[in-house]
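Right, I'll just put the structure down here and ask away after.
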C-alpha cells in the first residue's frame, strides 16, 4: 500500500511502483484528451496553478503551463527577477503572501535541494517539485517512464529492460529521479560517467557502473544521455568538451552499434556536438520529442491527481 | 451624496465615507465568491484588464490579476522593460496605442505622483491607480479598511478606534491613502515617525503626531507598520536601520504591550529585523496575511464597480 | 487562382489581390465582433497560439495576443531572454521542443530575414511572420490596406489612389510589405527618401521615387511616414535628425498642404519631433490609431483563416 498522500509531488522516493503505474495509466487518458480536436477539459476550472521558478526553464515551465491550461486551471508565472524576493523579502514571506491570494498548487523550481519540501510548511497549497538542485525532478522521471512504457510496449513492468544513463550523474537531479523510478519498475540500470562525475553515494544506488560505453551499446534497450553542463569544466571535473564527446558523445558510429529497437533519450536542452554529436532527428530510435510531448500529459496527470480528485475529465462542453 | 462617477479609482480623496462603505459591502460578496469550490463568476467576461507597471510589484500586480481572472476578464501585463517606452515612445503614445487595441481598464503603477490622472486624458478606459509615487494607493487603503472592519467587527464605523501608523510617512503613498480612508470612517489616527520622515504638510492632516511609540502601544486598536526603504539611509534621513529598529521596530517586548484585541498590520513586503523584529506569524493579532487575502476581494469589488455595473455575480455556470 | 495554401502567412508576395480582398472582407466581420458587448467568439477554442519574439515589440505582440484571445485561443509568450536559446540551444531545437508540446500557430518576430520560412521546416504548426529583419511584416501591410479601404471607402480597389511612403525604405520591412500590398490592389506608389535610405533594388519595384516631399503633398491620398531608426545616424546614413526632420518630417505647414481627405499613417512607435513634428491627434486625417485598432481585427482574420476554417464565429455562448 502506498503512503503517498497525493497532496504534493516532491520526490520519486515518495512513490511506490504502484503509485507510478497509476499515474502512467492516468497519463494514457490525458494523451487521449490531447488528441481531441479541442484538447481541453474543465477538470480544474477555478483552480489557480502558480509556477514559481527561481531558475529559468522555458521548457519545464511551458510544459506545466500547457498542462494546467488543458485542464482549464488559471495559471500565473513568477520568476525570481520579477518578484519581491529582489527587495529582500524572504522565501517564506513570498510564499505566504502569494499563497494568501488563493493558490491551489505551486510548481517550484529552485537551485537549492529541499526548497520544495521547505515550502510545504508555509502554505496549504499543493507543491509540485519541478527540479530542486541536484536532488529531484520527479515529473521528468515520470515522463521518461511513460515514454519507455509506450515506445517499448512495457505497460506492466520494466523487468529485464537494460537502461544506461550517461553523463554527469553527480550533479543531475534527472539521474537521481530516473534511477529511482526505473529501478522501482524493475529495470536494470548502468551508469556511465567519468569518475569525477559520479557521486560518492553511488555504491548504495540500485545500479551498475561502467566507464566503457562502447561495450555496453549493443546490449541496451534505452540509452539515456544527460546534458553536459559547461560549468563543470571550469570546476576541473571535465578535461574538455572534446574529450568528453570522444568518450561519451553519441556519434553516428555509436548509434549504429545500438540494437534496432533501442531508444535514445535526453532531457533537453541538448548540447549538439558534445553529448549529442549525431542529429537525433535522423535516428528512428530517438524518443526525445516524444519525451517533450509526453511531458505535458504526465503533468496533466500529476496536477489532476493532486488537485482534481473530484473533477471531471469528460469532453469539454463549457469552457 | 457622492460625486464619484465610478469610472476611475484614482485617490481615496474622491470617495465619501458612503462610497467606501459600499465598496466594502460589495467586497463581502466577493469574499463569498472566493470561498466557493469554483471561485469564478462571469461578471467581466470579454473585458480586457491591462496592468501597466512602471515600477515592479509582484504582490500588487498578482493581486489585481487574480481579481480580474476571478471575474472572468482577460488580462495582460506590461512592465516598463518590455514596452516600447524603451524605444523613446512617450507615455501618451503608449497609452493611446494600447488603448486602441481595446482596453476596458488600465491598472497603473508609476513612480510619478499624478501619472494615473494624466493617463485618464489619453484613453476611454477606466484607470485604477495601483500606486503613484508618494501620492496614493487607494486599493491598499480599501483592503486595510476591510481588514479592520472584519477583524474588529466594525461594519458601520471606525468611531473610537485608535490607529497608529508607524514609519516613513513622508515618502509613503500607503500612509496618505490610509489616513484619508481611516479618517473618513471616523478613526482616531496617530502618526509615529522620526521628524525627518514626516511631511511638512502633516499639520493639516486629520492626525496626531507622536515620537513615543512605547507610550502609545497599550491604547491602540491597530498598529500599522510601514516598510522602511533602505534608500532613505543613503539620503541621510535615517541614522541606521539598527537605530530605527530600536525606536520603532516591533519587538516581542513591544508586541506584549499591545491590547489582546489589537491588530498588527503591514502593507508588505516586510523588512524582517528592521520594522518587523518579531515573527508576526506567532502573534494572534497579526492581520498581515488577511490583508493580502482581502486585497484580492477588494480589487474584485473595485473592478466590478468600474466595469461591471450590468454584469452578473451569480455562480459561474458558463466558463 | 491563388496558390496560397492558407497554412502560413509568411509574405505578402504569397498572396494574390483576391487573397488580400478575402482577408479584408473577413476583417469586416472581426470588426463587428469587436464592437459587441462581449467581444469574444469560441472559434479557436483549444488552439494554442505561441508568440515567439526574438526582437521585443510590445505593440505587435499585444495585438496578436488580443486577437487570439478574442477567438478564445490559448496564448503563450516567449521572448529570447526567457528562453533556453540562452543556454546555447539551437533555434531548431527550441522550435521542435515547443512544437512537441502541442502548438497550433507560432507568431514569429526575428531580426533575420527568412527566419519564419526556416521555422516552417521544423514544425507542423502554422507560422505567422510578425516581422523578419528588413524582409516582411505582412499583417502590418494588411492592416494598412484595411485602414485605407475603410477610411477612404475603397472596398473594391485602390485604382487611382496616390500613396507616398516616406523615410528609411531601405531597412524597412513595413515599406517592402506595403509596396507589394498597395500595388497588388492597384495604388500608385511614390517612395520619398534620401538616396542613402533607398535600397539598390528599388528600380525593380512598382513605384516612383521622389526626393521632393513638398511638391508631392497636395496630390496625395495617403501620406505614410516610416519610423526613423536613430541607429542609422551612427551608420552615417543620416546627417542628423534635425536635417531629416527639416526635409521629411511632418510639420504643421506640410500637413496644411495635404488634401482635406488625405490620410496620415505611421506604423508606430512614432519619433515625435523627428518624422512626426506635428501632433497627429490634432489632424483629422490621422489614421494612426485606426491602424492599431484594425491591427487586432486583421490578425483575428489571419489566425481564423490559418487555424479555424471549420470554426465558429457566432456570438459567444459558451466561454
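Letters A, B and C name the chains as they come in the text, with residue numbers starting at 1 for each one.
We adopt the following convention: a contact is a pair of C-beta atoms (placed from the backbone, for glycine too) under 8 Å apart; a residue touches a chain by one contact, two chains touch by 3 or more.
Bear in mind the structure is a predicted one, so any value in this text is a computation, not a measurement.
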**Report entry** Pairwise touch network: line, ring, star, complete, or other
**Finding:** complete
Report summary line: Note to self: chain B rotates onto chain C (CA fit) by an angle, in degrees and to the nearest 5, of 120
**Report entry** Proportion of interface numbers common to chain A and chain C (over half same, under half different)
**Finding:** different
Report summary line: Whole-Å distance, C-alpha centre of chain A to that of chain C, is 40
**Report entry** Multi-partner residues of chain A (at least 2 other chains)
**Finding:** 318-319
Requested in this report: Would you tell me which residues of chain C are touching chain A in their complex?
Outcome: 45-46, 48, 74, 76, 78, 82-84, 86-90, 93-94, 96-98, 100-102, 318-319
Requested in this report: Under the touch definition given earlier, write down the residues of chain B that touch chain A in their complex.
Outcome: 34, 36-40, 56-59, 62-63, 65-66, 69, 79, 230, 268-272, 281, 289-290, 292-293, 295-296, 316, 318-319
